[in-house]
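Each structure below is given as structure tokens.
Same chain, two partners: chain A is paired with chain B first, then with chain C.
Entry: the complex of A and B
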């Protein structure tokens, strides 16, 4: 059955000339990839599900005891974990909304004939090419109250971006917005340039105002690609770790991934941290599903 | 012909390379420690050992924030990458009950290590559970929290005069927490970019706990009863509450942005002219008397943690003991190294290289006490130190302390009593979960 589904090669194609059939491509590339995924992704995923029902601690030699749903019950009843989730939700909303606003705005500005457009776009993309840890380290310097350039430039004196419990999360989100707006910009730019020019011409003939044109033509046509950007960024923002971990230790900025890391690798509560990881996984899946449903709806329109 | 020759030569080379590496492996011991100056001193000491015995010692290091994680990842995987580890004092519980450390009780008794090393170091770096006379490590690097200060600021006649006029007594090295607070307040001058005091506030590992303990122990408070694991009436006693308030009070006089500070920041407070006094582990003081790393080296002085209002004077313990990893293939060779390490002359060498010896004889010798400006304060401190819980779940206890104390210290949430009552409840629940005491 499987072989009948594999199409035969077109004799004139390059693959045929090199003697690579679909079957050998499958054997060479797809099977190893799937095996790799099973060994390093699927198997640990299922194995850790088992651990999440035990009181296993990787740091001791004591055998793991089955505790049923105890870990899940404790975690969902722990006010600290809930506050971590609330912090994460706030972070995701601020950071993704900010990136959408800045990224789409810059894309709108760039979506016209301007000199050096290519160079400008490339330069704007630089932040997202940096490593998260590096960005965290140098933004920590930029935010420094004593010698940081941000306070100097804005004349804020010794304003404490990262040590102020109320400000810390916004400071992390601001860094994330700086880093990932270019990603949204890139996708939006692709979407914007795909909008057929004749629609704008028709709108101009009908004397449609700029707002009307934007909300009736530009936005609906770019929406699907914008949704993809939102899905990616939400997933990423939900699991942000390195940036926040490096920038601040404020409990008001302790994202769920940081809590998870501490539980798993500082306290070695392996069983419980597996349970928390599953709770996070289910949440990310649920949110992504809602988005995907919405995306499909937008596409249908 | 040429080709054959080349391959034959290559083959010979390969055999030789394999041969020597196997040989080298047998005669090599790897010690794992955190990345800091004392590890370099230990490497130098190891080089001496290699000269004497031919056994190569490699000290492998990793930055402090990863140290615990990396060591336990290796232990949990039963890996033999490290033959010995210089583990934090809090790890004793997890290391011994988890089967990661080799039981050194016989070694201890045979070589009378308990008499060679200072009593506090044996109690906190080697023994687990407390009072059991079972030993898992040899005290290697003694350490405690002490203080550095700016001698030039303290000795300025104008400052002295102004201080006396304001507080009614002479400006000098603080003898108690009240003086510590007054001096911190006195030097707190944000308009001049000068601040009073640098303390530990980082809540990611044990920094906050160490800083708070300095006040707690000197105020006569305790974390709990180490034998019965009773914490109610200890960690939330009136003395403990007063200590937390005193520590929080000091935070008011720190440089701006002092909410995630540990040893790096606290040394910077002195080198960058930020603070008059700075709390730090003794292990970080060598760089403060080095002109290359501290432009104020000549003007930096040191003192032991001051006494509390009741006259008690203690300090929070840092430092580490060296343990043999039970998964090592070379335990016998490692034991020989430890036998060499505890010898008096080795301990003298260790101290001369910059290591903080735990040997009682060396600590008491005038030659050690006069070797650096801080050795005397170190000697005084090492006989009055106390430590955090060393149970396997210490990391959970630390996390709970951070969770409760940090928002109060930095964010000003709640009161000291509420904070410590909540902490006592958390610790009780944790000890109950692991079936300890009660």
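Entry: the complex of A and C
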């Protein structure tokens, strides 16, 4: 306590003599970042909010006409857009569930003394570090119906993964599961290694079966960290663009981001796409909010 | 623990180890396949059954970097003998390298895209990590009004879907002539990485004991001197890890690059898939381009291995 007093006094007197005060340093360090983010993230969103009430088309020089809430009304009444949301929801559920199963499963297998464990873990984490666009590209080679190694390895003949409307979304989700299961695995491993060893020892002494141990000890203690992984992956899967855009052009695999991209940059319905962007944005912010609230809750423990 | 280990547990352990090895092989197979395709002669890239054992070739990389055209007739013996080794491998594949009037080799689009990726990723990383480090220190050490809200605001900018931000940015860039420019992409990637960098660096800053600077302040350092001479060296590992994460994110980014660039400032991610084009793609060349593009990320992943958890969870989970 005494030292704090001295340093505070000392600091303020010194700051007056030379150097900046703590408050000006704080402002100097924080304000530019906030301004940068406002100018390049928030200002554009305000700009597009304005356009979302117009019939503006960026491909023509015609002036934008104010149309009020027409774009929002049209979009929310458009079964096509709703089907894009439904496809996205299906995609999020399949890929996040798959990642949770595979990622947590592999983490359970890895959570023991294994020779070269560190190296194996790092190798398993490699897929999630790669570029989604490039991953999409080389999975096209793997999925190829005539010479792809997936059909060869599974003995599927000339099975169509990407050009079959029924299969395309599952194929994209499968690639996403390959890419992001490592993420769930990484978080699960951290959760598993934090489970106190003495709990397992106590369970063993009490002759608890493996199922009891898993459901009563392992799962409840790892659950918060798994929840973080699930919310984070849900948010990312909801935004997926690159992977699905590169892998397939099937309408049955048209996620909402792809619809948005096409509306904005292929059909040039700029005003309407700004409105759709806002609908998507509100959904993402809602998920982010849940995520951050949950993070803070976990941190408090 | 050892005392209560039964023989069935040891048996299960063995099964688990075998399962882990199998899973690792399955997970790495796609990456191995693209890497091996990058060294195949073209006629072995798309065979049934797939070619696993082959004589590795460097020709896909020569083809990746040069413009080529189909050979109508095989190259004449004189032409073949006069050609350097890297040109012969192209002749062997039934193609020739396009040269201009002065005999200069014509480059393909790949090297300039690769350079653009490097320029944009490195510059935006330096900016994002630089600003992020200062801001993280500010949040870590000083009382900031509404700190939780500000940090949430910073994080939320990172969560915006790229296409949502890209629509207004495209219009604004078009108005000021920043479309298809390095600067335009650098600004976007800096903004995108800045929030990540603040969050991650704040975690690292929080771990540096305040007492270090306080001791320095007592010794007559100003706050700035203490920051530069005491805090920054302590934070070096954290800064390096954050920088590698930012680099990888910018290096891998696709949606902004696809929308904002077309030629001059185009980076590798939108370019590599566009090589497929029409007709029969030469998968060896695409694989070579992919291999070179993924190589830096693979190396960085190994360097980062102890920080992956932290980085991927925005600093929320530390070991």
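The rule is simple: the second predicted complex is superposed on the first by the 256 of 301 C-alpha atoms of A that agree within 3 Å, B and C clash if a C-alpha of one lies under 4 Å from a C-alpha of the other, contacts with A are read in each partner's own complex, and residues count from 1 in each chain.
In the analysis below, a contact is a pair of C-beta atoms (placed from the backbone, for glycine too) under 8 Å apart; a residue touches a chain by one contact, two chains touch by 3 or more.
Quantities reported herein were computed from a predicted structural model and do not represent experimental measurements.
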{"item": "Contacts of A:215 with chain B and chain C, given as first, second, both or neither", "value": "neither"}
{"item": "Touched partner set for A:82, first chain B, second chain C, both or neither", "value": "neither"}
{"item": "Chain A residues touched - chain C or chain B, whichever exceeds", "value": "C"}
{"item": "Partner chain(s) touched by A:265 [first = chain B, second = chain C, both, neither]", "value": "both"}
{"item": "First (chain B), second (chain C), both or neither touched by A:58", "value": "both"}
{"item": "First, second, both or neither for A:118, with chain B first and chain C second", "value": "second"}
{"item": "Which superposed partner A:66 touches (first chain B, second chain C, both, neither)", "value": "neither"}
{"item": "Touched partner set for A:165, first chain B, second chain C, both or neither", "value": "first"}
{"item": "Touching both chain B and chain C, residues of chain A", "value": "58, 144, 146, 265"}
{"item": "In the complex, chain C residues that touch chain A", "value": "1, 4, 13, 16-17, 19-21, 23-24, 27-31, 33-34, 37, 46-50, 131-132, 134-135, 137-139, 141-142, 144, 148, 150, 152-157, 159-172, 174, 187-188, 190-191, 194-195, 198, 214, 217-218, 220, 222-225, 227, 248, 251-255, 259, 269-270, 272-273, 276, 283, 286-287, 290, 293-294, 297-298, 300-302, 305, 308-309, 312-313, 316-317, 319"}
{"item": "Interfacial residue positions of chain A with respect to chain C in the complex", "value": "3-4, 6-7, 10-11, 14-15, 18-20, 22-23, 25-26, 28-30, 32-34, 36-37, 40-42, 44-45, 47-48, 51, 58, 106, 109-110, 112-115, 118, 120-134, 136-142, 144, 146-147, 149, 152, 178, 182-183, 186-187, 190, 197, 200-201, 204-205, 225, 228, 232, 235, 239, 241-242, 246, 257, 260-261, 264-265, 270, 273-274, 277-278, 280-281, 284-285, 287-288, 292, 295-296, 298-299"}
{"item": "Chain B - residues contacting chain A, complex", "value": "68-69, 72-73, 75-76, 94, 97-99, 190, 193, 202-205, 255-260, 274, 392-393, 395-396, 399, 402-403, 406-407, 410-411"}
{"item": "Complex contacts: residues of chain A adjacent to chain B", "value": "57-62, 80, 144-146, 158, 160, 162-163, 165, 248-252, 262, 265-269"}
